[in-house]
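In the two assemblies presented below, subunit A is common to both, partnered first by subunit B and then by subunit C.
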Partner chain A sequence: MELHLKIKSAINAFKKFSLSGKLGLILILLILLMAIFAPWLSPHPHQRSSGSALIPPDSEHILGTDDLGIDLWAQITNGARISLLVGFGTALLAAVGGGIMGIVAAYKGGLIDKILMRLIDIMMVMPDLPVMILLAAFFGPSLFNIILVLAIFSWIRPARIVRSQVLMLKEQSYIKSAESYGAKSWYLIRKHFLPEVSPLLAVSIIRLSSRAIVAEAGLSFLGLGDPTSRSWGLIIHHALNFQGIYYTSFWRWWLLYPWLALTILTVSLAFIGRDLERIVDPRLGN
Partner chain B sequence: MSHHKEYLLKVDDLSIVYTGEDDKVKAVDQLSLGLKEGESLGIIGESGSGKSSLALAIMGLIKDGEVQGKITYQEEDILAASAKRLKEIRWQKIALVFQNSLEVLNPVLTIGEQIKEPLRRNAQYSAQELEERVIELLELVGLNPDWRDSYPHNLSGGMRQRVLLAMALSCEPELLIIDEPTTGLDPVTKDEILQLLKKLQQRMDFSMIMISHDIGSIKELTSRVMTMYCGQVVEVGLTDKVLRDPFHPYTRGLLNSSPNLFKYKDLWGIEGEAKPGEGCAFSSRCCQSGANCFGARPPLEYVAVERRVACHKGGIEEFLEARNIKKTYQLKDKEITAVKEVSLKIKSGEVVALVGKSGSGKSTLAHSIAGVLDVDEGEVYYRGEQVTDNWATKMIGGMQIIFQDPSSSTSSRMKLLDVVKEPLEIIKWEDREQRKAKAIDCLKKVQLPTTEAFLNRYCHALSGGQRQRVAIARALVTEPKLLIADEITSMLDPSTQANLLRKLKGLQNQEGFSMLYITHDLHLARKIADKVCVMNEGEIVERGVSFEILENPKHIYTQKLLTKAFKGLI
Partner chain C sequence: MFKKASSRLSLLVLICLLIMMTVACGVEEATEESVEEETVDVVRLEGGQDDGYPSPYAHHRRGPGSYKMNLIFDSMLERDEEGWVPWLAEDYEISEDGLEILFTIRDGVKWQDGEEMTAEDVKFSYEYSLEYPMVRTYVQKDDEIEVELKNDNQVLFIAPEPDAVLAHDLGRIPIIPKHIWKDVDDPENYLEEEAVVGTGPYQLDEYNLEHGTYRFEAFEDFWGPNQSVEAIEFIPVSDDIMAFEQGDIDLTRIGTDLLSRFEEQEGFEVVQNPAFWGYRLRFNMEDNPQLEVTELRQAINYALDLEDVVDRDARGAGVAGNAGIVPPDHVMYNPEVKEYDQDLDKAEELLIKLGYENTTEEGVRYNEAGEELSFDLFVRDDDVRLGEIVEEQLSDLGIGVNVISEERQSHDDRLRNYDYQLIIHGGGGWGGDPDYLRERFMSPAADERGDVEQQSLGYDNSELNQLLAEQRYEVDEERREEMIFEVQEILAEDIPQIPLYYPAEYTAYRADSYDDWMHMFDHHALEHPKLSYLERD
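And now, the complex of A and B:
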């Protein structure tokens, strides 16, 4: 019965999305499944050579192979794991961290708020790509460092949104009542502020993850990614490093398919993000 | 009028015990009082509180009871006086106007004869003089002398009262004791009798003790008043002040049951029966009795100028005191002082209405008192202790505030049950089951359904009135002793409003619950408020007992407010 109700509410939630949103959801679901079942989806290994180099797509290697003879389909399915991990990991870290900072700044006010707002101002005017490159180079290429660096440049938006929301919320009399019953800050954050701002954070997470995935691809493209975990960006980086790729036909599979995967993922996220925003805040309308 | 320092009448430690077949009844219990010459003393109390026994004892008329103590009249001990001397004192010095009824007068004698009787007994008059004196007396009490040949059953109640008065005044007494002069009389006659008594007292200059249930008569005729309960004095003070601001819960109970003090207010009797025991006799019915009230009898002690109260807690407790509250809002280019040094007191079991138009600073004051708003200056004391860090609002049996706007006072995102039990969750009261049970209990009080489906509804799915009631239930869940209610009924339909207010009034009378009721609905304020504070531009411009403020406002702003509010009366 419980499960039945949950499925029903999930279907109802799905129905609220527009056509593009529905498409986005389905595509994201497929990419997720692809990432989860990566080892079973491709017959070939993604780190070792499994045929001749640079074979165009055929029945054996459905998306062809790269210059080392590694199967591209295997690389893309496994790369989805990295891209999604970086995307959602960064987004989650940035949204939760930024969200909590926003709540604390708004609720506590005073000096904390002032310091945080100035910090946000500084982060906003800082050119993010050069600094990211610097930081990534400084910390060294590892997946965790990439997530951290991306998160450092992503928490500003959620922090600002949450702060303004909490500034409004804390004037509500139910918060004042709770305070008068002796509620501590942690209780208010846990019971009132977080649940209240979580829909906004959800939208942020979707937006940020799409941004993080592209940024990760960018960093990888610049050679700052983790060479051991081959993300989609890194595949593109390798392909482009192949001298004279545009003079050959190799780009038709080696470059096209990772690019296509990346584009489908970010476009789907954009669709979902747009719909979620509308659903969370009915005033925006459609 | 001569002003003697000594008392005309002095009663010390008087006890009267009637011995029945099975048990002894203590009608008067260690009572002391003093009456100066020219003074008029009112005695109030419920039936059976010993008022009439006291009057009879002063007259030396207690026959079948055991009398202890001392009654001194002009330095003469009445209890020790001989029967002959007593007869002289009666009528000539002290006269009693009996409680009006047919039995008091002899049915077979004309009233003329009956008035002649005390005259004949106390002085030597010729028949002619007697007749003249009777006519004179009847004229004095405003009765046509032609009635002197009638029999008592020919007379109306008001006329008989006049006859009794004529008899009592026949020997020009120095002290007149009047027992229930207006009981059973119609309003017009009652007023005539009261005016007559007033006129007679001025003309004949007698001292007076008036026993009455009728607070209106007491207010009209006496300068001091004494409240009796179970044969004991519980409060003594100047009539004007006692009626305006009673210090003993019993006196207040009597006043709240009196319809003629303030005609618009609701009537509330005192709950329970009199059960005199070891400790304070009133403790079993008192709304503020605590553990120490049952131990010993409280002494009658001075609590203010000319005011003595017998209460272990020194009279009605003071729940809230706000001192010099000041709050200024900073706007961009100007400063707005919303509350200017306002002080406020609320006693236990009192409903104080804070009225005024919107923007007068009512809500700011309420929020400052409840501690949800930081004040610029001033302190708040709850039960004598300064409120810091919200201690008074985060406890069971403390202070609670209910906000005006229901859509903001409950979170749309939360389930109804979670909203109502939130205070209990925060103060970590008992366990889950008990919290839920208590929440359901409070929801019943505000007349909301308590089915599982309803409890799990989200607040955004409720109507404004329902949400308001949820907010009220949440405030009641901590069993507050003091409720600060900011326009709580403005969102309710009249029927729910009436039911809720009656519930709160019930709590007030049973448990000493008190309320600061902020409203701009003066009709409601008139119905439920004991005291009224009128606020205008951040200041309390007029404050006092509701019957005075709402009937007879002094301040020009209050007058304006009232004329506007009551203009549309149907």
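And now, the complex of A and C:
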């Protein structure tokens, strides 16, 4: 019975999305499934060659192979894991971290608030790409470092949104009365603030993840990702490093498919993000 | 009736057109042929990168810089397709004991400012280059080579001990005018117009540091063969292939996949560059007891399929590595050395003999002491793909390789500090005098660690050491070649490092505008030799 209700509410939630939002949800679900079942989806390994180099798509290699003879479909399905991991990992880290900072700053106020706000100001004026390149080069290329570096530059937005929301909330009479009954900060955060700001954080997560996915691809493309991983950005990086690729036919699969995968993922996230924002904050749309 | 006439008419027109076209083609071909005899107005090449001011002291170190300087400055000897040829020196003689070299300087050579060039200038250039080393220095003060003017046109150099390559080293010093340089005491910052007065076939007409553009013009009173090009221009381009296709530049380097595009097109020529650059897999044999074992290194060589490496990393444009180090295009290449075609059975046999019988769950071999065959392989970020291929091939044998890529600076530091287990080292100079084998493989004296970047520390073969030391003083060419051949045989047996492959890219040029390009016997670029721009027989 409970399961039945849950499915029903999920369907209701789904119905709230616009057509493009629904499309986005379906595509994300497909990519998620692709990432989970990656090893079973492709008959070829994604780490080593399984044919000659640069074979155009055929029945054996449905998306062709790259310059080392590694199957591209295998790389794209496995690369989805990296993209999703980086995207949602960064977003979660940034949203949770930024959210906590925002709540603390708003609720505690005073000096802590001032320090945090100035820190946010500094982070906001810092040009993120050059610093990210510097940090990535300094920490050395690895997936975890990339997530960390991206998160360092992503927590500002959720922190600011959450702070302003909490500033408004803490003046509400029910919070005041809870306080007068002796509610501790942690209790208030857990019971009142988090549930109120979580929809906002959800929107942030979606926004941030699509940004992180593109940033990971960008850093990998600049050669700062884990060089032997098979992320989408890295496939594009290797393809574009190939001399005169546009004068050959190779770009038609080697460059096109990873680019397409990346585009589909970020566009879907953008659709979902837009709808979520509308659902969470009815003032924005109708 | 009318219809018939019109179809006949159109047929007639068509035939006329065809005839006219063939005639036109014929005419065009004829003019092209006659053009070939004359000089070409201008040859344009890819520029856009500052290579320094083309004086012997202010050009940048890399090839494009020094070869621009060479257009202006002559030296006593020059290199053509076959070897060294007399240039400003008409002739040179080496005494029987190998200690004295007598250069006879050509008469009637003019500096680009109209003055006469003399043997005095040669002596001055040598002495000045000792005092102030030029960007590319081949003879140093420590070598203690004396110079004296024999008479008006002869210069004698006297060395304290015989040296097989001294004549060439002296012969490549750019000759600079005494009347200009004698009062200059800060040659690196001497950037006046006079600083680029040489005796060479071309003089500097325009130079722009910011845009990286150069223009060289033929020097009318040049002593030597006629210039076949009136002017050489280096211009900035955004995409070299596109610029080449559109005719903005006359020559460019292309990969294998663009071959068909240019080979079949009328008016384009494509040549493959000789392979004088190389990637090699180096072992740290000093800090790593496992890698000190010759059989392990041999097994690694047997596990590698170097033809496949060339195919995948260079799209076939290269020559698979030779265990004897010296590339096959080299004049002293020994084709008889031990070969290591991929042979996994043989490699496995060697490893089992060494005790690496069992494998872990990940497929990495280990011996009874529990030592795993698992290594870190460092590569430069541009060469990650090459590292991945090596990793893949070695994993088939049960050797685990962890590829770590670094940007160029850290990579070079690592090479210099000997801070690695395995490393892929890419570099040039494989076409030069085989004395480089001494720099790479002769074990240094106990207290001395000269050029660690090149040396193979931890590798020590006394027979090889002796050969490498002796060949340097062997003035008899044939005897020296025998020694170098023997050296290669020992190296192929010991495998102190594994040459992976020698890239041999392709150069495409627009033969309809200029086609007199040539390669020097030891260099890979067509546009570098000054003889490429002079009339030859």
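Just so we're on the same page, the second predicted complex is superposed on the first by the 284 of 286 C-alpha atoms of A that agree within 3 Å, B and C clash if a C-alpha of one lies under 4 Å from a C-alpha of the other, contacts with A are read in each partner's own complex, and residues count from 1 in each chain.
The criterion applied here is as follows: contacts are C-beta pairs under 8 Å (C-beta built on N, C-alpha and C of every residue); 3 or more make two chains touch, one makes a residue touch a chain.
If you're wondering where the values come from, they're calculated on a predicted model, not measured in any experiment.
Trainee: Record, for the superposition on subunit A, whether partners subunit B and subunit C clash or fit.
Mentor: fit
Trainee: Look at A:F88 in the shared chain and tell me whether it touches subunit B only, subunit C only, both, or neither; answer first, second, both or neither.
Mentor: Once the two structures are laid over each other on A, A:F88 reaches no partner at all.
Trainee: For the overlay on chain A, what angle lies at subunit A between subunit B and subunit C, C-alpha centres, nearest 10°?
Mentor: 150
Trainee: Is A:S173 touching anything from subunit B or subunit C once the two structures are fitted on A? First, second, both or neither.
Mentor: Touch partner of A:S173: subunit B, not subunit C.
Trainee: Kindly classify A:F221 by the partners it touches after superposition: subunit B alone (first), subunit C alone (second), both, or neither?
Mentor: A:F221 sits against neither subunit B nor subunit C.
Trainee: Touch test for A:T248: subunit B only (first), subunit C only (second), both, or neither?
Mentor: Touch partner of A:T248: subunit C, not subunit B.
Trainee: If you stack the two complexes on chain A, which partner ends up touching A:P141: first (subunit B), second (subunit C), both, or neither?
Mentor: In the superposition, A:P141 contacts subunit C only.
Trainee: Can you report the least C-alpha distance between subunit B and subunit C in the superposed arrangement, rounded to whole Å?
Mentor: 52
Trainee: Could you please specify the touching residues of subunit C with respect to subunit A in the complex?
Mentor: These residues of subunit C touch subunit A: 241, 254-255, 257-258, 261, 311-312, 315, 381, 384-385, 387-389, 391-392, 395, 403, 405, 407.
Trainee: Inside the complex, what are the residues of subunit B that reach subunit A?
Mentor: 367, 370-372, 390, 393-394, 400-401, 403-405, 408-411, 413, 419, 422-423, 426-427, 471, 474, 478
Trainee: Using the touch definition from the top, list the residues of subunit A that touch subunit B in their complex.
Mentor: Going by the criterion above, the answer is residues 172-174, 176-183, 187, 192, 195-196.
Trainee: Any idea which subunit A residues touch subunit C in the complex?
Mentor: Residues 48-49, 53, 67-69, 137, 141, 223, 227-228, 238, 242-244, 247-248, 250.
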